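Next, two complexes with subunit A in common: one pairs it with subunit B, the other with subunit C.
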Partner chain A sequence: MTASRQTDLAARLGRDLTLYDAIDQLFGTRIGETLNELLIKGLMDFCDEGQSIWRMPGRRQGLFRGWSRIARRNRRLRLRGMDVGAILEAADGPEAMIDLVMSRLGIPEDHWMDACTLELTKLHGWAGFVRWRGQSRRYYWQERNPADLVDFLAIRLVLALALLEDAARRLRRDLRWPALQAYLQAHPRECVLRRELNAGTVLPDYAHRVELALERGDPARIDALYLEYERIKLRREACTRAHRIAAMAECAGISRADLLALPDDTLLQLIDGVYAFKRGEGMVWTEALERSYIAGLLAHIGPRVVPGSEPRAAPTETRPPAPDAAAPRPSDRIQALFCIDVRSERLRRQLEALGDYDSFGIAGFFGVPLSFIEFGKGHETDLCPAVVQPRNVVLEMPHTHAQHRHSLYELAHEVVHDLKNTVLAPYVTVEAVGVLFGFDMLGKTFAPRAYNTWRARLESDKPPARLLIDKISQEDAEELIANLQDEMILRAAERHFGIKREALTSPMIRELRETALGQRSGPTAFARRFDVEPAAEAVFIRSLQLEYRVNPDQARIQLEHLAKIGFRYTRQAQLVGTALRAIGLTGGFGRTVLVVGHGSSSENNPYESALDCGACGGNHGLINARIFAIMANRREVRALLAEQGIQIPEETWFIPALHNTTTDEVVLYDLEQLPPAVLTRMGRIREDLTAAGRLCALERCQALGEPGIDGPEAAARRVKRNALDWTQVRPEWGLSKNASFVIGRRALTAALDLDGRAFLHSYDYRLDPDGRLLEVILTGPLIVAQWINLEHYFSVVDNEGFGSGSKVFHNVIGRFGVMTGNLSDLRTGLPAQTMLRDGHPYHTPLRLITLIEAPLALVQGLLGRLYKPRELVHNGWIRLLVLDPESGLTHLYEHGQWQVWDAGAPGRAAGVDCGQACAGVRS
Partner chain B sequence: MNPDDRSSAAAATAVGTNGPAAGLPLGRRLRIRSMVNVAGEVLPFFWPMRSFIHHNPLHGLEHLPFEQAVQEAARLFHARGWLPRPEYQRFLAAGEIDPAQLEALIGARVDAWLAAQGNAADPALPGLLRAILAAMLTRMDQPAPGDREPCAEEVLACLRDPDTAPAMPPARTNGQPRHDR
Partner chain C sequence: MLTLILFLLAGLVLPLFPLSLGVNLLLQQDPASALGGRLAHPAARAGLLVLLPLVGVGLLALGRLVAGGEVGALATVFAMWGGLTSVFYAFRLLSVRDGRIWLAQLYTSALALIWVGAAHEVPPLLPALGLALSLLPLLFLFDGLAVRFGSARVGLYPGLGLCMPVFSTLFILAVLMAVAVPFSPGFFAISELGFGGVGRNELLTLLPLGLSWLLWTWSGINLLAGIVFGTPRDDLAYADLGARVAVRHAAALLALALFGLFLVEGML
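== the complex of A and B ==
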């Protein structure tokens, strides 16, 4: 009898088990647990982002060096018997440390890679955070206190070595790899018994005897006990299986007598068949869920395009049939762009049902990737999918003057104007300038306030703000920098000499600036006027260059930063044109086009960002909506679009809005920029939006199981109350239950109630002969939707392992994550409150059912070219269906090939007739 | 392990053991760095929660077929990739799973398995196996798996053993969902 795979420690060492895992299992030590605790404590100190009062010193040297400095003197480690200091003395730098520990432990080099993976997956939340930081150079805290996986692993290994050395002394054993391997091979039976005892898998009635035998250490006795133990354990498991087989037969209507009457060969194959099947059981259930969903979706989808038909000028085809009313003029219809998010589906459906609305789905950043510096914030936020790296910066500026049109010059000048008013007092746009100009505003003065709340909210008491989205000219930029430098000189003069602006002349300031920039030399008028000694003058100039950053290098960097602000008109037209073509809205514009971003508004919720717009990097989608609308309303942009063949009538206005997904309220923005005649149309639109929102609230209340809701109005009041109530752990279900992604014309889904479970991206293949538009959807929105879908999948199938467990036990740590209790791995994934309901799955774990309306050849061609979408489809991470309008067939990619989905026959094989099969047995 | 024993493994490398090492050669440093980074590729990123980014926790395994990746993830992260059986049974009861689809999928798996076995010796076996598996999936709970994995002969011996039959505890059937990890 040989030990099974699970108990063969020698084979699992290095692949499934670290050295200390094996030692913990053999000798009942708890090295792994202690190691995790010690590592987490160190990481908590290092990664803190201003939550803790104590700040770990030396963090700027990086994770490994900063930790080493403290660990060397850590008395608690020494009390545990760990000599970390001596280990740290022996190697310099994290790579050398990894090399040293691996070598000292005697781990063969061909096992190092596996050993590293094993170590890194022990605390995969923390390691994932450090790994993310390692490649996030723009992350403030990473820039300040660098950390990467090499640091992380080096610390882990130092702690592991120190703990193993201590355990070796206590156990009086050589615990290095070669010695342990030799021991495992020389005493396999003893090792199996040791593992059974310490890993908690021992048969309860044998525990005492096993313990005694191991204590005495008599090899003959251990051998004898092992043989008996294995025989009994195997026999018991065999009998359990036998019982289960008999019970299954019983459930299938086959009596025990009938079962036993079968010949041995049949029964043997039956038993093997059952246990072979069990390994793939999860997949069978998952495919059953998916195929059932697909069948339901395909049964109702349509109407389909007539082959060879041309796209109509107006997208009125997306309108659900309006039987009675006289069709309004196309321009009276209201078009509305919504995020592809599943939560848009309800609102779109309700709004369309009211009549006169055509809705479109597009990734909620509206195709405009940008980095945003919010008013009152000292850092940039990326407002685009995490897979995109934005190249343009947009600034938010307060309205200081109630003017309608600002020239670029005025806008640029205002940056400085604001700076002048605010350098020493409240921090207004100085933070934005701080970011752009490389001043460390965040860490010094702004951090406590900026990070006091989890995230900035769009508050009603915030002063109205404009968005600076146009390019600043070279001259404006240079003037802006010169003004900033002069401002710095004024501050310096006051700080060094107590001299105020009124005592200085502008030529004096200019001369100081030129001196600091090295454009002139010699004594300055400033020094003469205020009797500053040449030595003191030199110190002052040096200080201007170093502390106040008035120097040529800095000026060049500042110019580069300013060059990133805003978009050129040609770029704006390109972004708007691409977005409109992608959703098939290239003609037939109504007078009003709503651009609806979305965000949530729950209070006191560390997961709030998970409820916001994924296409906007987990932020509110309003900024992108506003920017898109500004661009699309621009006369210059429209002229460029007309050259591309997209004629937007002058009477058409794009109006940004925010869909609050917690309350389903929609608020229109930037209305002050509309001419009065257009403004009067907004009253009716507001009413429509309110009505649609109330109907959604009613649906939501039903989904949340809210009692005592008798109509849309009561529902709207309830969801609003819940949003404001900070004790609500579950203000909305977010993206739970997401199931499918339909890429095609709205007409396909317009008649369907998709229950808020479908991502919808508008797409008209007739506008996309070469597949370029579909390529954008497959490489952007599809990837984001797949991430969302699989995050939900894994968070629901194992909420403790992949999800983050119950929020009730969560503690926010270091302002960047949550732990369960006081000390745990960082919790990744989604909490039980959005995954489970009454302890059972609320979300349905199926892989994203993706339906594309396009010719199969087009999709196949794209998959051939696009690596990531192909990998996801071929490896079954998404389920891809293609609705080919030319052949009228639906194709499903499954088991390595395209198959035609047959609506008549469920599944690939014919249904099993259970009754017949059972009858066959009895006869 | 004796920490003072510096004779064996440590000596084989370039690492000095007295005082700070003179430094690892650059080539070796780079090799270790790239080894760690490759070893960490299975790890999903963790974004700070202020900007929660939805992501696939198995992102690092997307080069594998889904089913295989789930198996690998169970080994690496000690987490489960499927729901416990009773939860799927709830979806079945709620109408989210079409029984005909489930049966068809069972049938396809049985046929594929039998074909790989060189087909059934007994013509009644395919139907029998399908019926028993359908009963297992829809009407039985999921017991905690053992780790000894007895072979079919051992199971059959128990099934045929009249001594074990009367002592059999009643098999637990559906109705008491139990979450086995």
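== the complex of A and C ==
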């Protein structure tokens, strides 16, 4: 203890401990805690996205300047003894402030980088959010109120300096870096005792004596106590170790007598060995778990691979041969495209088991990256994986242009919420409107299904709308902008002069537009007709240009925005073709192809988007499914696809659908666009989907541990209730338990019960000799699946640190994040309710086991070319297996090299039931 | 004069700062010291906690008797003194980490309030007993901690709620009882002192009572946060209470709750 603990603090200062961490440990101050609290309050005010009624002023100046303006006048900081104003006066700008604080604290320059890193890890959730904002240039709130990590760091350091100066005054000590280092060197024993006491690691029975000795400050007494304390502590640590070793030896079948008979040196080696093993123990268990899962998976999949199988023309050939003559024609079979999400695996399996269905797995955005502007919403939502930057915008346009009228219910709803959100109204209206909230609460709590159905009836439906997915021509775009400008001119004329449309002619409006756009000059017919003075006319034209944005710059910007709307036919054909080739569906089309996006539904759940489609940026996948189906149904697109060798028969219809992963209901969409003959097939498909959904619900109820479920119908009712129940903390398990990613033909996994743990991406290596399709999968879906997998991994191994702890204590903050209680770091990761069951891990912490059915050389070549997947595999974030159909061998990348998987290898006998990987195989 | 002397003597055990130093020293004695050794057993400390207020109440009554009941101005001065003492010790409680010291200072802060009631002729016996008896469960549980870990102290072994759930449940109840949450004997004692005096001088009565009570609750929460909640240390051995001991503690808490009802009857 002596040597190590005396020098420990000095060595860790600046590397693992900030200056105030060390001071907190030595003198029992709580600077770190106070600093976090003050910083969080400032960030909450700044980052608010509409939850606060009184918003922080000056946010447009940016995080640091906006905060500084308030902090200079903050009397509460002064009452705490913090002279923030004086510090802020000494430097201008965040970079200069960081330099100033580091210099004032005397931190050596070679420690600045470490010091900054340490500061950023103190509130990793907030720092991560600010970093994300700083990098999201298109994010509305970032454009409006800019913030970045330099601002964050500068504020943190200003507060730290103010708190340290205050602590130095109160403790009457110099707390700067050089002085603290000197103190650590001069009083090593005292420092050890101080740290033991204040860090909560002191032996409990010595705590009072240590405290008294330190208070009195007598060096001789401190030294004497230190020597005694050191001796006792070492003795007790040795005892603890000895007990642990004895217990472990007992577990290993070594008797106590045998253990004691060992020579001292051997015992010491044993103890050191055991404690050294602790550092790598986690990885041993992780690898054992992974090998067990791999062994189970390969035991079922491996035999399905036939070495040297011949290439084939269409994937349907991999289907098992029809058992009897009554089997449907290939075109009568229904094909269904599902997201690769693990929750699709159950539905695909159940649907295929009903018969006549072939399913395919593809990333849930169906290869169509887009920004979507929903009707009634003013912002774009990216519906694609976060690694993709969408270039095309799709608009939702209502069929009718009828004025949207508020129903009485909606008016009442608005009034009540406005009252609730004002500052003073709740005090005076609580008795009057409180009962309404009580009614709402009772309904949601005791009869969620009936109450939500009733409320849905009261709320007015969104008007029917279509998706604008085609490109607008240059002429159409210019005409659209001209119409918009004319509309602005009419409004301006009415507002400025009270002149209505009836009094204006179209040439007058056109002339005003051209004047405002600088295409002509001189007096206008408008001015002559209404006797407008030249000066007033000039003001009016200026107002059109500035206030109503009828000017050349704005017209150009609008034209650029319009150019982003929709996709050209060639692009549509390219997207559809790439998606179909990627899943191996290039021929043998059925008459019906379902395009099934997915999303979840739950109440009172800030984590809802974690249950939605990751490939759609955490949104529902329906829009992408609808757009894909519209494109694939287009005659022009099919003609272009035929040129690429993909012949889609005329009688084939792509039909979009949404799989609700909370209730396992599947709803078909855009049926009104189908010809009547096709509609007749929908009845059976709906029945099949309902049946498969109920069977999935039964599996889901078993996984959720729902009691009293005696059949699929009861299960369907229960999961629907879960989706509507606002008290339900676990509406579904989501992607918990995800373990593997299979990239290959469905024949590999068809009829296998993978227990909803596998991402399944359809891929036929025979259609991809140069690996271009596999490259798309490795750089897109694989990356997303790996993110999801690691998010779950870290959330379960340290739910408080990397996950977000229990949902029960969560509060939504500023409409952008979640905190525990009223003040905490911004929570990242997944909540305990998604990761744990009864306090024990429900999700098994495995790295993503990725199985690719393709020649090994092809995969190796791709890894050599693709940086990101290579890094993930080589650095052990993904366990990669290649099932080489040409050799029939399975290769595992492990410890930096490719090894042929040997089913009889030691990993196989790791003591875990391999059968757990595949819950069962249906005959 | 004799009344003053008797009141001052009572101020030693119904503690008035700085006369309170003696009682505090006595109750805070380290078991390793000579005097502390004699008081090492919790029963001895419990006896002191009950006996001292009774002595104080007796001296108070004697002083009143000597003065023939005419103690108006003197009683008001002592009430203010008691109120200040109570708030002073309640404030100090916020920074105390050692269980023994915490209990001693809570005793001082609580019993000093008797003077507030006494100024308004509230009979002091039942409130004094109520306040003192409320501390006993915590005294025994602190002793349990000291036996297990060598010291009863905040922040040294957090997370007992996870490792010693039975003990923690009783500990929470004991802390709540000590800080006089409704419906503990301490709560009824404070109510009695408050209701008795509020009709005569609201400020003098309610200010010290309210402030002290607020600070006790605050420090009680600190105590729980540092002992029951948090992440347990892995270098310590934790042993929860056995069933028999737990039942004994629970029975004692129940008995005290019943005594609280007795106090209500006294108030009525």
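Here is the rule we use: the second predicted complex is superposed on the first by the 812 of 923 C-alpha atoms of A that agree within 3 Å, B and C clash if a C-alpha of one lies under 4 Å from a C-alpha of the other, contacts with A are read in each partner's own complex, and residues count from 1 in each chain.
Note that contacts are C-beta pairs under 8 Å (C-beta built on N, C-alpha and C of every residue); 3 or more make two chains touch, one makes a residue touch a chain.
Remember, it's a predicted structure, so these values are computed and weren't measured experimentally.
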item: Between subunit B and subunit C, more extensive residue contact with subunit A; value: B
item: Partner chain in contact with A:R138 - subunit B first, subunit C second, else both or neither; value: neither
item: Touched partner set for A:G614, first subunit B, second subunit C, both or neither; value: first
item: First, second, both or neither for A:T240, with subunit B first and subunit C second; value: both
item: Partner chain in contact with A:G200 - subunit B first, subunit C second, else both or neither; value: second
item: First (subunit B), second (subunit C), both or neither touched by A:H208; value: second
item: Touched partner set for A:V150, first subunit B, second subunit C, both or neither; value: first
item: Subunit A positions touched by subunit B in one structure and by subunit C in the second; value: 201, 237, 240
item: In the complex, subunit C residues that touch subunit A; value: 30, 98, 149-151, 153, 155-158, 233, 235-236
item: Footprint of subunit A on subunit B - complex, ascending; value: 1-3, 8-10, 12-17, 19-21, 23-24, 28-29, 32-33, 35-40, 42-59, 62-67, 69-70, 75-83, 85, 87-88, 90-91, 96-98, 100-111, 113-114, 117, 120-122, 124-125, 127-137, 139-140, 143, 146-150, 152-160, 164-165, 168-169, 171, 173
item: Interfacial residue positions of subunit A with respect to subunit C in the complex; value: 200-208, 237, 240
